[in-house]
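Look for chain A in each of the two complexes below; its partner is chain B in the first and chain C in the second.
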Partner chain A sequence: MMHDKGMTPSSQTRADCAPAVLEATGLVKRYGSLRALDGVSFRVRRGEAVGIIGPNGAGKTTLFGALAGSFPVSTGDVRFGDRTITHESAEARSRLGIARTYQVPRPFLGLTVFENVLVAAQAGGRNGRDGAADLAASVLGRTGLAGLANTPTAAIGLLDRKRLEVARALGTKPQVILLDEIGGGLTEGELHELIALIDGLKAEGMTIVWIEHILHALLKVIDRLVCMAEGQVLAEGDPREVMENAKVRRAYLGSDPE
Partner chain B sequence: MLDGTAQALIQGVLLGGYYAIIAAGLSLMVGVVRFINLAHGDMAVLGALVTITLTQVLGMPVLLSILLMLPLMGLLGWVMHAVLFERAMKGGLLLPILVTIGLGAALQNAMFGIWGSDTRSLGADIGSLAWEGWFLPGGIILGKLPVIVFCVAVLVIGGLHLMLRRTKLGRAIRATASDREAAEMCGVDAARAHRAAAAIAVALAALAGVFLAMRAQVTPYSGPAQLIFAFEAVVIGGLGSLGGTLIGGIVLGVSQSLGGLISAQASLLTGHLVFVAVLIWRLGRDWSADHGGWHAGLVAQLARRVGRRESGAEQ
Partner chain C sequence: MTRHAIAGIPRVDRQLIAALLALFLGLAALPFFGSALIVDKLTLLTVYVTLAVMWNLLAGFAGLVSVGHQAFIGLGGYFALRLVESGVSPFPALLVGGALVLLAAWPLSWLVLRLRAAEFAVAMWVLAEAIRSMVMFDPLIQGETGRSLVALNAIDPDLRRNTLYLMGLATAGAAMALSYALLRGRLGAEARAIRDDAEAAASLGVSTMRVKRIIFLISALGCAIAGTIWLGSAITYQPRTAFGINWSVFMLFMVLVGGLGSYLGPLLGALLLFALQEIFGDFGAWYLAGVGVVAILFALYAPRGIMGLIADRTGREPLSMQARLTRQGEA
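Right, the complex of A and B next:
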């Protein structure tokens, strides 16, 4: 395992001193004989932005599912702050402050764009009646969806659905946001807006974990990079060093280093 | 003759109010919880028998009995969903059907055990309401009870609609119906949303049961017939559409009422026939929608016929 080898003094940022806000230890998720997660340990510190890359089938989205509580893991532990949440439901984790987006958007069809976010803002009752509506409106403004607020979700396109994924996650007022390939399919200009949005969230102190294939977008935001392959963490640490790593180049970029 | 038809038409519309109330809960469960409770009719009868007992044995005013019974039945629905339906839903399509058929049989026999097989009615407890009416020009009589039932139906359907559209619970129920996992990811308590919907559905069934007992009689075995009427109203109105359920109830009521003009025996049969006709029309429409619209379906049929004649293979 190269977990700590990738860490060099150059990658030490202020976030390194902070305690882990979300930490997974030895996660295993088996589907029959397939090990979608094969002993993954992962931690993210408060206020840190971590990128996750890896070839298809590496277990990136499965890791998100395990962190967010979409399914029970076979073995391993997930901790949030100082409590163990391995057996907490997705709903409980959402209320604790973990939000996730889906790679293929899953909007609530039959609800308007505004209502989609309002559901998230109202769930758990942390926001009062007006508070939730205000939060939903401000989140829509932030994600560029204000003009579509009263449009039925079934009528909006893929890009807006991706925005809505982020908006709905923000509606839960998360401390940690898990972003699953939200940059895919965006134009260069839209990607720019997205990076600005995520940068803004980071500046506010939100902890960000971002799975993305678009490396240049990822590298603009993240402090640390994790590369996964075949259900395991291949390398992690300073983004540039991870990209230079021989194993990463073989697994992810499909080329041997010269 | 014309007066008779108009009278039957109005009676049918008002009868539709009753069907809409018993169908509303079923519609809610099928449409947003995606759960079919085949004991729905038996829940209606249970609500009626509880109300009758509170009124006739304990001597409470009818209205008070109803107001006491409704939350009790709602609680029963909540508990039923928590302990039974939720587990059944995890077992695929067949299990909810088997479980609720079994529940219906158990309820019928439990009610038979408690109340016996006598027919019971609330008709004697509601005084003049049972037979009084307003006389309209043209000799048309508007029964007070059917008018009240119809107004309640409109209030129930409108209230449910507003609840689903405007309230936090309603939005949570709709979000859960659309994508349960994503809803939970947003912090929505999906199990609670479903239990609340089940509580509302059972309370509405019980309310319908009370109205049935006011205008007619109930026995412990009256449930399945009411379930069929409820289903017919839901299907005629369109699955998952509450407004449609009101219209479905009215269509069913009018069909039965007009059928009754032919002969007393033709009444229920006409309702069933209209239901089957609507079902066939809906299936045909959905089929043609899946195959490029009804005119495309027509063209395909023609082409098939022409093709058969020319023994070509085109469709």
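Right, the complex of A and C next:
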């Protein structure tokens, strides 16, 4: 396990002093003989924005699954605030305030776009029917889906499905949002809107963890960067220092990842 | 900021509901002017409507495709027989016997709702067979021979016929009203979300087991009461018929042909099955062939059933359970 914790004296931000809101220790997730997570420790402080990068198959999405409770981990612990949630269900974690998006969108295809978010707003956001409709409408507006509200989800394209992933997660009124490659395929202009949205969430105090291959977008919003490879954390800390780390460069086959 | 809300019921739908209510009231008056034959036949129709509505709630909205709900039809009949045998008067026994299946459905739900879709379907069928074998062990049932609800024979035939008919009508009406209320509300959207992607629904905080359990229990109860009403008009209880896979075939047919996951589909499907039985019923095997041909034609040319055809033509599904977003004040 390589944490390279000490390498970031310059990354002291305001968030560094806050306690961890979500913290994983020694996570292992086995799929047969493969260790998709091989002793990963990860923490994010309240109000912090953390980026996660790493080559394909590094275990980034698996880490999100472990944090959000999508499947049980083989060993390791997950804590949220001051409670251990390792054995809590995905439903319970959502209600506690952890929301994830799916890298490959998983919309409810038989529902309209609005209904997709309404389900989240009622279940995860614990709102009454009117409050939920209002919240869902505002979230659809923020994610650029207002015009598609009453459209059947089966009729919308991949980019809108990715937006819907974000909208549904926001519908649960999360404290921590886990965003999995939501920027892929966007034009520069759309990327700009996405960054503005995430900046806005950050300004509201939301804690953000964002897996993204588009580094220049990621670097505009994050306070800290984590690089994973082969189920382990290769380096973490100040974004620029992590980018210059030799191990990180090697993980990207010697090429400049940008 | 504009306030948003879920749209109210559109005018067309309100008119449809009014028409259905008027139809219901008209049917409730049938015993005063209808012939005995008509009352008997329509009792069977109410049983079909209830079964179709229940199976659609389960499979069409919650994605729980069961080919074993005859377990509850047969078990409800058995409980009713047992109650009558121990001195309960027959009509209450039919309702209470039906309600007692919840005692079996509740623990079973913990078991079967954890299974994947295909496993669930098969497990339900296996359970139906297992429950049938257990019922056949009861000396009262005498194995394959079965038992008659003789207490019902002692009642005046007209009174018996009309009471059963009104019970059947009330059950079908209750099934439709209850599923309307549930599906228009939060539970309906959550059930459909679970049907489409249970893991994603759970990740948004939906209590997937709770939602599935509520729907499973309602469907078990509805099927059981429909079954006891059918038993009331058939009088003889034979395990092979009461637990017959035919029930599942009928439910599947009515819902798929009517329109899986639509609110009105099962009603139309029940009418179609009833009509087919009326037209081809005298031809024995031909009637089954007719049912099969219709099912195949629909599968090939109208996979979303009659309601799908209507929705394609009118651009909107009548009595759709969709929650539409509007600005407050708009219709």
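The definition used in the following text is that the second predicted complex is superposed on the first by the 245 of 258 C-alpha atoms of A that agree within 3 Å, B and C clash if a C-alpha of one lies under 4 Å from a C-alpha of the other, contacts with A are read in each partner's own complex, and residues count from 1 in each chain.
Methods note: a residue touches a chain if its C-beta (ideal position, glycine included) is under 8 Å from a C-beta of that chain, and two chains touch if they have at least 3 such contacts.
Please read all numbers here as calculations on a predicted model, not as lab measurements.
Asks: After the chain A overlay, clash or fit between chain B and chain C?
Replies: When both complexes are placed onto chain A, chain B and chain C end up clashing with one another.
Asks: For A:Ser89 in the superposed arrangement: first (chain B), second (chain C), both or neither?
Replies: Touch status of A:Ser89: both partners.
Asks: Identify the partner contact of A:Ser138: answer first if only chain B is touched, second if only chain C is, both if each is, neither if none is.
Replies: A:Ser138 sits against chain C, while chain B stays out of touch.
Asks: Chain B or chain C: which reaches more residues on chain A?
Replies: Residues of chain A touched, chain B against chain C: more for C.
Asks: Who does A:Ile214 touch here: chain B (first), chain C (second), both, or neither?
Replies: neither
Asks: Looking at A:Asp130 after the superposition, I want to know if it touches chain B, chain C, both of them or none. Which is it: first, second, both, neither?
Replies: Touch status of A:Asp130: second partner only.
Asks: Using the superposition on chain A described above, determine whether A:Arg168 touches chain B (first), chain C (second), both, or neither.
Replies: both
Asks: Would you sort A:Leu159 into first (chain B), second (chain C), both or neither based on which partner it touches?
Replies: A:Leu159 sits against neither chain B nor chain C.
Asks: On chain A, what residues does chain B touch that chain C touches as well?
Replies: Residues 68, 70, 89-91, 94-95, 99-100, 102, 106-111, 115-116, 118-120, 122-124, 168, 171-172, which sit in both footprints.
Asks: Could you please specify the touching residues of chain C with respect to chain A in the complex?
Replies: Chain C reaches chain A through residues 1, 3-6, 185-186, 189-190, 192-193, 195-197, 199-208, 261, 322-325.
Asks: Can you name the residues of chain A that touch chain B in the complex?
Replies: Residues in contact with chain B: 68, 70, 89-91, 94-95, 99-100, 102, 106-111, 115-116, 118-120, 122-124, 168, 171-172.
Asks: Quick check: in the complex, which residue numbers of chain A touch chain C?
Replies: Where chain A meets chain C, its residues are 68-70, 89-91, 94-95, 99-100, 102, 106-112, 114-116, 118-120, 122-126, 129-130, 133-134, 136-138, 140, 149-150, 168-169, 171-172.
Asks: Could you pull out which chain B residues touch chain A in their complex?
Replies: So the residues of chain B in touch with chain A come to 168, 171-172, 174-175, 177-179, 181-190.
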